[in-house]
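Paired with chain B in one complex and with chain C in the other, chain A is shared by the two complexes that follow.
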Partner chain A sequence: MDEIRYWNKERETMDRDARRALQLELLRQTVGSALKTQFYRRRLEKAGIHSLDDVRSLDDLKRVPFTTKDDLRENYPRGLLAADPTEVVRIHTSSGTTGTPTVIYHTQEDLNSWTELVARSIVATGAGPGDVFQNMMTYGMFTGGLGLHYGAERVGLTVIPVGGGNTKRQIQLMKDFRTTVLHVTPSYCLHVHTKLDEAGVTRGELALRKAYMGAEPHSENTRLKVEELYGIDVYNSYGLSEMNGPGVAFECVYKNGMHAWEDAYVLEIIDPATGENLGDEQEGEVVFTTLQRKATPLLRYRTRDLASVFGGECPCGRTCRRLSRITGRSDDMLIVGGVNVFPSQIEEVVMRIPEVGTNYQIRLTKEGSLDRLTVQVEIYSKMFSGNVRQLDALRNRIKEELKASIIINPAVELHEPGSLPVYEGKAKRVVDERPKL
Partner chain B sequence: MKLNQISVFLEDKKGRLFEVCSVLGEGGINIRALTIAESRGYGVARMVVDKPDAAMDVLKGKGFVAEKTEIVAVQVADRPGGLASILKILYEKDVNVEYMYGFVEKFSDKALMVFRFENPDEGLAVLSENGVKVLGTKDIVNL
Partner chain C sequence: MPHQINIFIENRPGRLRSITEILTEAKVNIRAFTIQDRGDFGLIKLIVDKPKQGQLALADRQFACALKDVLAVSIPDRPGNLHKLTSVFFEHNINIVDAYGFVLEPNKEGVCCIEFENAEDLERCKALVVKEGFKVLEDEELYEF
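Up next, the complex of A and B:
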């Protein structure tokens, strides 16, 4: 095992009371920022918080209502911007379920804080200068790519910003530059392994020693499988664009749960049905409050991710509580090849095409280790002209419009009216046949 | 004259063509010509039948997606170069054929072909002007 090193020893190992005092101080600043937005001013005043002086303990946070993804959508594009627009240096948007995206703004200070969190995450896994870091996550608006990128550079790793896809090139880069650390989704990591033989590359020609797996929930078995196939250590990584991106919680060399950086986020677990706070080791929905973000402070943001939190000493000496693996979602969001997709996005596209009837189904399957999303639609009989070319054009049009909306490339199947299952009451639109990762 | 072909949408499912043929059989409808255009995951069965309107009724009654399409059926001399001589006429007159297929039965020494033209009226006119025998509804019924 790598020796235990810290990036920010004071913050990572501070005792519980000191951290709570720091959290309160940062929470007061965050509330101060949030009060600059009309959205939060209204909410906070209703909760009796008119200035940051009304926040006297961490428990005062519980008076604040939850922030949801719908709130972000409704306040798009500038409703939650708490900083002067001239201070904003980066914008990350994500596609919304009904076509309205959400946006997170970052000041230079915000980006710096994010980079610091990623840097300490990387160091916690035992990586450092001398490591060659191949970032196989998509760059651009998706925060997985850029987030790890800057953190790895700050620590001093050699970064290969290759992004996702193009497996042949990934393998070539791994070999030519003696890559030691990967950042990758579990399904893509498994896929790449199946292509090593084809590329004529043996494990002995690769210098791999670690991989950070994120963007898709996965099980301990998947970790073990990847570790065994490649002969490397695999660390679980957690983040979401609303909380910057990766670097919210990360495993250390002991790989026993993800250290949640509680000096940057207040972490709560709630009962998704009632909103009641749950104790440690009880599974529920993860809720975060940002403590180090000026441009888009978010108070009690409901992630919809289900997990539990546990305290206790970690042999690495870090004192933050740890987050379990994500076990599911409290909404219907699907994660397909690391990309978040809401069934409503698909419905929105399918239902605006007149040649499509009223019934459709979304099927998720595995092709090798990669996720496959198939949208099955029933054609509308009155639009049928007997022409195959017209049907092909229709299928391509559905495909293109879906791709523009959900980013990933779906397969589209045309079916006869009445041939897809019909449900009384709530339709079961999603059939997920993927084996659990 | 132009005839009506029946086009039926078929999803890629076992026995679907069998069901189409059974429904037509039960309705006392005779299939004279049949071809299947296939694409990924689905196809379209194209048929010339003796009673197209009745065929549409029984198919729609059973929930099939069916449509009538105008085609022209012609007699072709059943000898080497027979079809080529007709295609030559169409080529010279710039008539576009979308697709074509053959009949199951044939008249004496003539073969029967179905033509779907981009412009059915134009195709019909060119064939008639050049002395190609075009089949009418009666010919199909009496086959």
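Up next, the complex of A and C:
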């Protein structure tokens, strides 16, 4: 095992009371920022919080209503911007549950704090200068790529910003530059392994020693499988774009749950049905409040991810509580190849096309270890002209519009009217045939 | 102008049978058919004796189907006559969407059914082939041969 090192020892190992005092101080600043937005000012005033002086204890946070993805969507594009626009240095949008996206703004200070959190996550896994870091997550608006990128540079790793896809090139880079650390989704990691033989590369020619796996919930068995296939250590990584991206919670060398950086986030677990707070070790929905973000402060943001939190000493000496693996979602969001997709986004596209009937289905399958999303639609008889070109154009149109809306490339199947299963009551639109990772 | 029935079908066992079953029940006689394949789906195209009844029977059972105008050209069943017809298309730079042929009477008469992009192309082509000496079949001539 790698020796235990810290990036920010004071913050990572501070005792609980000191951390709570720090959290309160930062929460007051966050509320101060949030009050600059009309959205939060209304909400906070209703909850009796008119200025940051009304926040006297961490418990005061519980008076604030939850923030949801719909709130972000409804306040798109500028409703939640709490900083002067000239201070904003980066924008990340992500797809909303329907056509309207959500946006998170970052000031330079915000990006710096995110980078610091990622840096300490990387150091917690025992990586450091001398490691070659191949970042196989998508760059761009998706925060998985850029988030780890800057953190790895700050720690001093050699970063290969290759992004996702192009397996042949990934393997070539791993070999040529003696990559030691990967950042990858579990399904793509498994896929790359199946292509090593084809590329004529043996494990002995690779210098891999670690992988960070995120963006897709996966089980302990998947971790063990990847560890065994590659002969490396695999660390679980958690983040979401609303909370910057990766670097919210990360495993240390002991790989026994993800240390949640509680000096940057207030972490709560709630009962998704009632909103009641749950105790440690009880599974529920994860809720975060940002403590170090000026441009887009979020109070009690409902992630819809289901997990539990536990305290207890970790042999690494870090004192923050740890987050369990994500076990599911409290909404119907799908994760396809690391990309978040809401069935409602697909429905919106499909239902605005006149040649499509009222019934459709979303099927998720595996092609090797990669996810495949197929949208099956029924042709609407009355709009059928009898031309095969109309059908080709229809299929392409659905494909293009879905791709624009959900970012991933779906397969589209055209079906006869009345041929897809019809359900009594609530239609079961999603058929997920993927074996659990 | 004669019609064919174009029907959208999925490419899986039993789909053709469901069409022949419906037409059998409706007592519609199939004179000719062809399939335009697109992988996981296709179009089946039928010449029948009663196109409107056939289409209604299929639509009743939820099939996506439409009546399409076709140009049905009678061709003497001898070497070189189809070539003469395709040469007309070529010389006038006319693109066709789909075509199929069948023999009406061996060594005497065949027919070529042609689909066009639009009605103008069809009318223009009809005039041209007639000018070249071909006989164009009208509705009943095709349905009742």
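Heads up, the rule we're going with is that the second predicted complex is superposed on the first by the 437 of 437 C-alpha atoms of A that agree within 3 Å, B and C clash if a C-alpha of one lies under 4 Å from a C-alpha of the other, contacts with A are read in each partner's own complex, and residues count from 1 in each chain.
Keep in mind that, in the parts below, a contact is a pair of C-beta atoms (placed from the backbone, for glycine too) under 8 Å apart; a residue touches a chain by one contact, two chains touch by 3 or more.
Since this is a predicted model, take the numbers as computed values, not measurements.
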item	value
Clash-or-fit label for the pair chain B, chain C on chain A	clash
Partner chain(s) touched by A:400 [first = chain B, second = chain C, both, neither]	neither
First, second, both or neither for A:53, with chain B first and chain C second	neither
First (chain B), second (chain C), both or neither touched by A:385	both
Partner chain(s) touched by A:25 [first = chain B, second = chain C, both, neither]	neither
First (chain B), second (chain C), both or neither touched by A:432	neither
Chain C-contacting residues of chain A that also contact chain B	379, 381, 384-388, 391-392, 413-419
Sites on chain A touched by chain C in the complex	379-381, 384-389, 391-392, 413-419
Footprint of chain A on chain C - complex, ascending	6, 8-10, 15, 36, 38, 40-43, 59, 62-68, 97-98
Residues of chain B defined as touching chain A within the complex	5, 7, 9-11, 13, 37-39, 41-44, 46, 60, 63-69
List of chain A residues in touch with chain B within their complex	379, 381, 384-388, 391-392, 395, 413-419
